[in-house]
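Below are structures written as C-alpha cells.
Below, subunit A partners subunit B and then partners subunit C, in two separate complexes.
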Partner chain A sequence: MRPFRYHRPTEVAEAVAVLGAEPQAAYLAGGTNLVDLMKLGVQRPDVLVDVTRLPLDTVEELPDGGLRIGATVRNSDLAAHPVVRRDYPVLARALLAAASGQLRNLATTGGNLLQRTRCVYFQDTGKACNKRDPGSGCAALHGQNRDLAVLDWSEQCVATHPSDLAVALAALDAVVEVHDTDGARDVPLAALHRSPGTHPERETTLAHGALITAVRLPALPAARRSAYLKVRDRASFAFAAGSVAAVLDLHGGVVRDVRLAYGAVAHRPWRAYRAEEELRGRPFSAELAAAAADAELTEARPLRHNGFKLPLTRSITVRVLTELASS
Partner chain B sequence: MSTDAVGRAYPRLEGREKVTGTARYAVEYPVDGVTYGWAVPSAVVRGRITRVDTAEALASPGVLAVVHHGNAPRLAPGLEADLWLLQEPTVHYRGELVAVVVATSLEAAREGARLVRIDYDAGPHSTVLTEDHPSLYKPDHVNPSYPTDTEEGDFDAGYAAAPVRVDATYRTPAYHNNPMEPHATTARWHDGRLLVHDSNQGASSVRAALAELFELPRESVRVVTDHVGGGFGSKGYAKAAVVLAALAARHVDRPVKLALTRQQLFGPVGYRTPTIQRVRLAADTDGRLTAICHDAMSQSSTILEFAEQTAVYTRSMYAAPHRRTTHRLVRLDVPTPFWMRAPGGCPGAYALESAMDELAVAVGMDPVELRIRNDTPVDPDQGRPFTSRNLAACLREGAQRFGWADRDPAPRARRDGRWLVGSGVAGSSHPARARPSSATATARPDGGFHVRINATDIGTGARTALWQVAADALGVPPERVEISIGDSDLPNAPVAGGSMGTASWSWAVIRACQALRGKLRDGVPTEAEVSAGADTSEEVGGQPDLPRYAYGAQFAEVRVDATTGEVRLNRMLGVFAAGRVVNPTTARSQLIGGMTMGLSMALHEEGLLDERYGDWVNHDLATYHITGCADVESIEAYWLDEHDGELNPAGVKGIGEIGIVGSAAAVANAVFHATGVRIRDLPIRLDKLIGVSDLA
Partner chain C sequence: MQAGPENATTTDERHSSRVAFDVNGVPREVTLDNRTTLLDALREHLDLTGAKKGCDHGQCGSCTVLLDGRRVKSCLIFTVTLDGRSVVTVEGLAGPDELSPLQAAFIAQDAFQCGYCTPGQLCSARGMLDEVDRGWPSAVTEDLAAPPELTDAEIRERMAGNLCRCAAYPHIVAAVRATAAAR
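For the complex of A and B:
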C-alpha cells in the first residue's frame, strides 16, 4: 500500500504547524471527497491532518447580527440550525440541495469550500488534466464537457466548482477565517477561489498550510428573503446543471438590494455583480431579471456540449427572483 | 394435496441476513492466508503490449506478484475469447484487463497496480457506432440464435401504398448494468481442485467455463454463489473477475479475493450496446397496420460477435401483412456488449412503442385503442396461435386504473404552474421460455424435506419462490421444507436470466418432489432419508414449439418544466400478464424494479464515450446517473390472474424483464404528450428540452 501518516491534533496551531512542515500533507475533515480522490490516485498526500477534533464545530451568533460557522460544522447540522433557517434560508436550501443525507452528515463547512472539481477527466489518472497533472493538457476542452464551465475558463482548464454551499456563501458576502503559520486572517469568500488561468492546479488563494477555521456571515436582514434554486439531471444526489443563490430586497416594487451568485458555470462560485447592477434601483420585473442574467452572461463562452447552461441560468434567475419578489 | 404456499407474500428467506449484514457475498468469506487481487486496465484502445515492467510494483510493500500475459498460467483456448485473459499481448479495447497485482492487502494491491508500467504499440481505433459506418455488416444470426432478418409480404409496396405512414429513427446510448455488487470472486486451489465463491447468475455455467479454461474435470471445480447483489444480465456467464482470480490464485498458490472496481464495470463485463433504429409503420385510416419495418444497428467488439436482437420484439408484437426486420452490426474497438435486462426487447420496444405512439398521433387515434386494434391471437412471426396473449387486457385494465379515459389526446394541452403535464402508454412483451434443469428432493425421518438445486438468487427472491413451489409440490407446509441453492455441487441448473429462472428451476423442483412423493407413497421415511431426483431435459426439449409470451402495458405521467426542460415523473403504472405469480412481494419488486430501470433508461442513463480515449468517461455512479428514489414519486404494478396450460408445471412466465420492456417508451411518449416535442435519442435530459415552450 501507499503509506501515509495520520495526525489528529486538538489545537489549531498544532494542525497548522504539522501541515505547514509537510509539503505533501492535506487536511482531512469529512473525507467525503479527499478519500475518494486518494483511492483514485488523484490525490496522494503523505500526511493527513484530521481536523475533526479541533474546536471548530460550533455556530455562534455574533453581536452585530451576523453568524460565525465553525469550519467543521457538518452540513446537516448547519442546514438544520434555527438561525440559518430563519435568517439565511438561501444557505439552508443550498446545503440541503447537495449530495445525500449520509454525505451531508459527514461533510463539513470548510471542506465543502475546498472540494475538488467533478470533471471526469480530473478524476481519471489515465486522462490528461492540467489541474491534476500540470502540463498534461486539458482533455475536457474538446471532450465530454456538458457539465463544465461557460464563464472564465481557460485553454488550460474548463472545470467547474461543484459546491452548492459556496454559491450561497458567495451571495451572502461571507468571509472566510483562515489560520496559517503567521496567525489568523480574513479572506472574503469572493477572493478565496481562483480563476483557472494558466495554473488550474491552484484552486484557492490559500497558501500551503493555511486552515479554514470558520466562515463568517455578515448581518444581512434582506437575506431573510433569499433562496437557492438548483437544477440537476435527476431529482436528488446530483451535481448542479445550473444553480442560483439569490437575496432580494424590494421596496415598493423597486430593487433596493440584490445578491446573486451562480453555480455550475465557472471554476469558482460566480458572484453575478453585473446582473446585480442591472437590477439595483429598478422596478422589478421578470423581463428585468432576464436582462440582468443576459448582462451577466455576455462574456460566456459555451463549450461544445454545454450551451444549454446559458438559457438554463437565465431561466432559473428569472424564476428565483420572481418567486422572491412575490413572496 | 396443495398447501397453497404459491401465491402467498412470504418475505425473503434470507431477508434477515441481508438487512443485518450477515449474508455473505463473494468476497466476504473469511479465508486463511487470503491475498487480494487488483486488476490493471489497458491504457490504450487497440494495440500490443510490448513490455511489462513489474519491478516497481514488486518492490512495493505487500505485493506478491504481477500476473500478466508473460507469466500467467495457461488457459485452454477455444472458449469465449473474452475469457482468454492474460494469455496474449493483444489489446482489443481500452480498459481491457491486462494484468492482476496480488498483494497481502487490498490497499497494497491497488498501489501495486498503479506501479505496473506497461508499454504499448498502439494503433488507430474506431469506437463510435454510426449509421454510415463503413464496417456495418449482416451477422449470421442475432442473440442468441434468431434469424438476422425476416421478411413477409412486400414491405416496400405495402408502405408506399398506405394512407398513413410513420418513418422515425431512434437512438439509444450505451447502458451499463451496474449491479450494486461488482463482479467479485474468492478463488482457492487445493490439490488441483478449484473452489470459487463468485458473484454470478448461474454457478453451473461458470463451473463449466472454468473447467474448460483450466482443463479440469467439472467435478474438480466448485462454484458457490449463495448471495448475489444483482447482475442484470452482466453476470449471466463467467466474466473477467472469476477467471482473473483463479489465474492469480494459481499463480501465487494462495487464495485470492478479487473484485472489480466500479470503473471496471464500464466495459469488461458487458453493457447494452448503443442502437440506431429506424422504424417505419404504415396503416390505413382506421389505424390498422399494413406494413411494419424495423431496421436496427448495434455494435460488438473485435473479440466476439454479440448481436443484440433489437428488432426481434417487432416480429411478434403487432400484426400486419407486410413486415420486415433487419439487424446490422459493426465490430468496433470496444468491449463486447452483453446481456442487460431484456436484451433486444428493451431497446427494440423503446423504438417500436414510440413509433406506435407517433402512428396514433398521425392517425388521430388513442394509443391504447391503436394497440388493441392491432392485437393478434396468432404470432405473426411463427404463424401459430399464442399460448396466451393478454396484451389487450393489460392495456384495458391499465387504462382503467391509470385514469386514461379522461385523457385529452392533444399534446401540450395541460399545464400545472410552470410544468407541462402529459401521459403516455406502451405495450410490452417478453418470451416465456424454459431450459432443462435438474433437482433433487429428500425426505427426512423427522418429517422435514430438503430440496437441492443449483438455482441462483440474484436478489430477486428466487430462493423463496422455489421453496414455496417445493412445499406445494410436496404437499406440506413450507416450514417443513429446506431449500439449498447457489452451489455447483448441487444438481445442475440453468442461469438466472432470460426470465427463465423460475420457470426452469420450478419445473425440476416439482418433478423431483413428485418423484419423491411417488417413492414415499405419501408416507414419511422411518429410518433413512429417501431421495428422488429429476432432470427435465427430455420434457423441456420435447415441448411443442409454440409462441409463449408475457405481456404488459405501462403508463406514465410526466411533467416538464416549460423553460428549463427538466423532466419529472409524476406516476407510473404497469399491468402485466405473466402467468402465475409465485410470490406477490418479490414479484412486485421485480416489476417495479424493471419499470424504474426503464425510467432510468428514458431520462437518466447514458454512457458518455470520449472517442479520443475510446472509453466511457462517466464511469462512476456520481456521473453515470441512475434513477434515484426521489425520481420515482409513485409507481404501481398489477398483474392479471392468468392461467396458461402450455407453459410449465408451475404455470409461470417469468417477471424479471417484462417490467423494463416498454417502460422507456411510455415515459418518452408522455414527454411528447406534455410538450409536443418528440425526442428520439435517449436519455431525454433537460438540455434537449430547454426552452421547450419555444420549441414546439
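For the complex of A and C:
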C-alpha cells in the first residue's frame, strides 16, 4: 500500500480546501470499500482526509415532510431510523439487504453512493481495466461478465454500480447536497452517476474535491407503500444479481403513481422511466408489470454470460409490484 | 512498474501518527504508520491476538471487534482514525478469570470446532444482541414497525458477516439463541 498522510478536519470548508489542494487525495468515511481497494493497490491516494468527525451525522425531518440525511450517517442507523422505516420502507429494505451488520455499522450514506464497482477485473491490478487504468482496455467485455451490465455499457467499460441504497434513492428522486470550493449546491441523484462512455474512470459528475454533505428525500406519501427486492446468489451478504426499488400508488386498481429503479444492470442506478410510463394511468395487473419491464429493457444488450438478467429483471418487477398492489 | 512519486514506498514522519484510544477499558497510546489497520495494531503492537486475520478484506468476520460499542471489522479500519475512541476485543468481553454468558453458551453448545472464527463470532454476537435490544430490524424482519423477535432465521441473517469454515453454524445459532433467551 502506498504511504499516505492523514488529515482529520472538523469543518466542511476545511475538508474541501485540504482535499482540493492535493490532486491525489481521497476522502475517507467508513472505509469499507476504500481501505480494501488500497490494500489491493486499485486506489493509491497519498493523502486521506477523514470526514467522519465532520458534523454530518444527523437525520433531520424537514418542514415540507421530507428528510435530510447527513452524509456520514451510518447505514445501520439510517435503516433503523423510525421515520425511514415508516415513510420510506424501500430505503430501509435496500440498506438491510446490503453487506453485513459489521459493515453497515461503518458504511456511510455518502460513501455508499461513491463506492466503486465490484467488477473483478477492476479489482485485479493484473487485468486490463479502463476504469482503473484509462486506455488499458476492458478485460471484462469478452471475459467472465456474468455479473456485469446489460444496459448503457460501452466498449470501454461494462461495469455495474454495486449500491443498493443508490437504487432506492433513485426511485425516491433524492437530491444530493454537495460542497466544493465554490460553496454548496444540489445535484439530483439521477445526475450524480455517469454512463461509462469513453471515460469510465469518471464515475460521477463531481469534480475532485467535491464533498457530499447530505442526501435529501422529498416528501412522498406514496412511498409508505414501497419495497426493495434483491435477488442474490446466496441468501445474505452478497451483491445483487438483480434488484428493484418500487413505490406504487394505486387508486381503485389504477396506477396513479409509480417509481421504479433497477440495480445490477448498469454503470449507475437505473431509474426505469419507460416502465413507469407504461404503468401510469392503467389498471394494474401482473401482465402490465411484465410489459412495463419489457419496455424498459428494449435497448438492453446482454453480454455473453449475463442474458439471464433480462428475464430476472422482468420477474422481480412483476413480483415486487404484485406484492405492493396486494399489500 | 515505473519508479517515481506515484510508486514511492519510502515513508517519513508525515506518514505516521500518534493515536490515543481505549482498548478493553485501558488507555493506550501508540505511534504507527498510517497504513496500520486496527487488526494489525491489536495483534502486532498491543499483544492482543484474540481478533484473527482471516481474509483481511472485510468478508469473513474473524477480525470483528466492538468500536464504541458497535461491532465492526477491524481489518477495514485504519488505526489513525481512532483517536479518542473505544475498542473492545474478545479479551475484553469478560474479566480475565471469567466467561461472559455468551462465551459460556458457546462452550455449553459446542459452538466451534477449530476455534479460529470464534473471537469474531463472539464479538459479532455481542454487538448483534445489543442491536436487537435497540429494536433494529434485519433483512428478514417482516414488520419494520414492530420490535424484532430473535428467531433462528433472524440470528442467521444477523450473523451473516461471520463465516465458519468448520460449519459449526447450527451450534453457533443455538448458543446465541440460548444467550438471548437467558437474558
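Quick note on the criterion: the second predicted complex is superposed on the first by the 326 of 327 C-alpha atoms of A that agree within 3 Å, B and C clash if a C-alpha of one lies under 4 Å from a C-alpha of the other, contacts with A are read in each partner's own complex, and residues count from 1 in each chain.
In this text, a residue touches a chain if its C-beta (ideal position, glycine included) is under 8 Å from a C-beta of that chain, and two chains touch if they have at least 3 such contacts.
Because the structure is a prediction, the values reported are computed rather than measured.
Enquirer: Which of the two partners, first being subunit B and second being subunit C, lies in contact with A:A97: first, second, both, or neither?
Expert: The answer is second: A:A97 touches subunit C but not subunit B.
Enquirer: Which holds for A:L206: it touches subunit B only (first), subunit C only (second), both, or neither?
Expert: neither
Enquirer: Mind working out whether A:K39 is in touch with subunit B, subunit C, both or neither, as first, second, both or neither?
Expert: both
Enquirer: With the two structures laid over each other on chain A, which partner does A:I316 touch: subunit B (first), subunit C (second), both, or neither?
Expert: In the superposed model, A:I316 contacts subunit B only, not subunit C.
Enquirer: Once the structures are superposed on A, label A:R85 by its partner contacts, choosing first (subunit B), second (subunit C), both or neither.
Expert: It touches subunit C, and subunit B stays clear.
Enquirer: Does subunit B (first) or subunit C (second) touch A:S76, or do both, or does neither?
Expert: In the superposition, A:S76 contacts subunit C only.
Enquirer: Quick check on the superposed pair: does A:D124 touch subunit B, subunit C, both, or neither? Answer first, second, both or neither.
Expert: After superposing on A, A:D124 lies in contact with subunit B but is clear of subunit C.
Enquirer: Now for A:R2: first (subunit B), second (subunit C), both, or neither, which partner does it touch?
Expert: Both partners, subunit B and subunit C.
Enquirer: Of the two partner chains, subunit B (first) and subunit C (second), which one does A:S236 touch, if any: first, second, both, or neither?
Expert: both
Enquirer: Enumerate the residues of subunit A that count as touching subunit B in its complex and touching subunit C in the other.
Expert: Residues common to the subunit A contacts of subunit C and of subunit B are 1-3, 39, 235-237, listed in rising order.
Enquirer: Which residues of subunit A touch subunit B once you look at their complex with the stated criterion?
Expert: Residues of subunit A touching subunit B: 1-3, 39, 41, 118, 120-121, 123-127, 139, 142-144, 146-147, 231, 233-239, 241-242, 308, 311-312, 315-316, 318-319.
Enquirer: Please name which positions on subunit C make contact with subunit A in the complex.
Expert: Going by the criterion above, the answer is residues 5-11, 14-15, 17, 33-35, 37, 56-58, 61, 64, 67, 70-73, 76-78, 80-81, 83, 124, 127-128, 131, 134-139, 141, 144-145, 156-162.
Enquirer: Residues of subunit A touching subunit C in their complex?
Expert: Listed in rising order, the residues are 1-6, 8, 28, 31-32, 35-36, 38-39, 44, 46, 48, 50, 52, 76, 79-80, 85-86, 89, 92-93, 96-97, 99-103, 105-106, 235-237.
Enquirer: Spell out the residues on subunit B that touch subunit A in their complex, using ranges where they run on.
Expert: Residues 41, 43, 60-62, 103, 105, 107-108, 110-111, 114, 263, 418, 563-566, 568, 603-604, 608, 610, 612-613, 617-620, 622-623, 625, 627-631, 685-687, 690-691 of subunit B touch subunit A in their complex.
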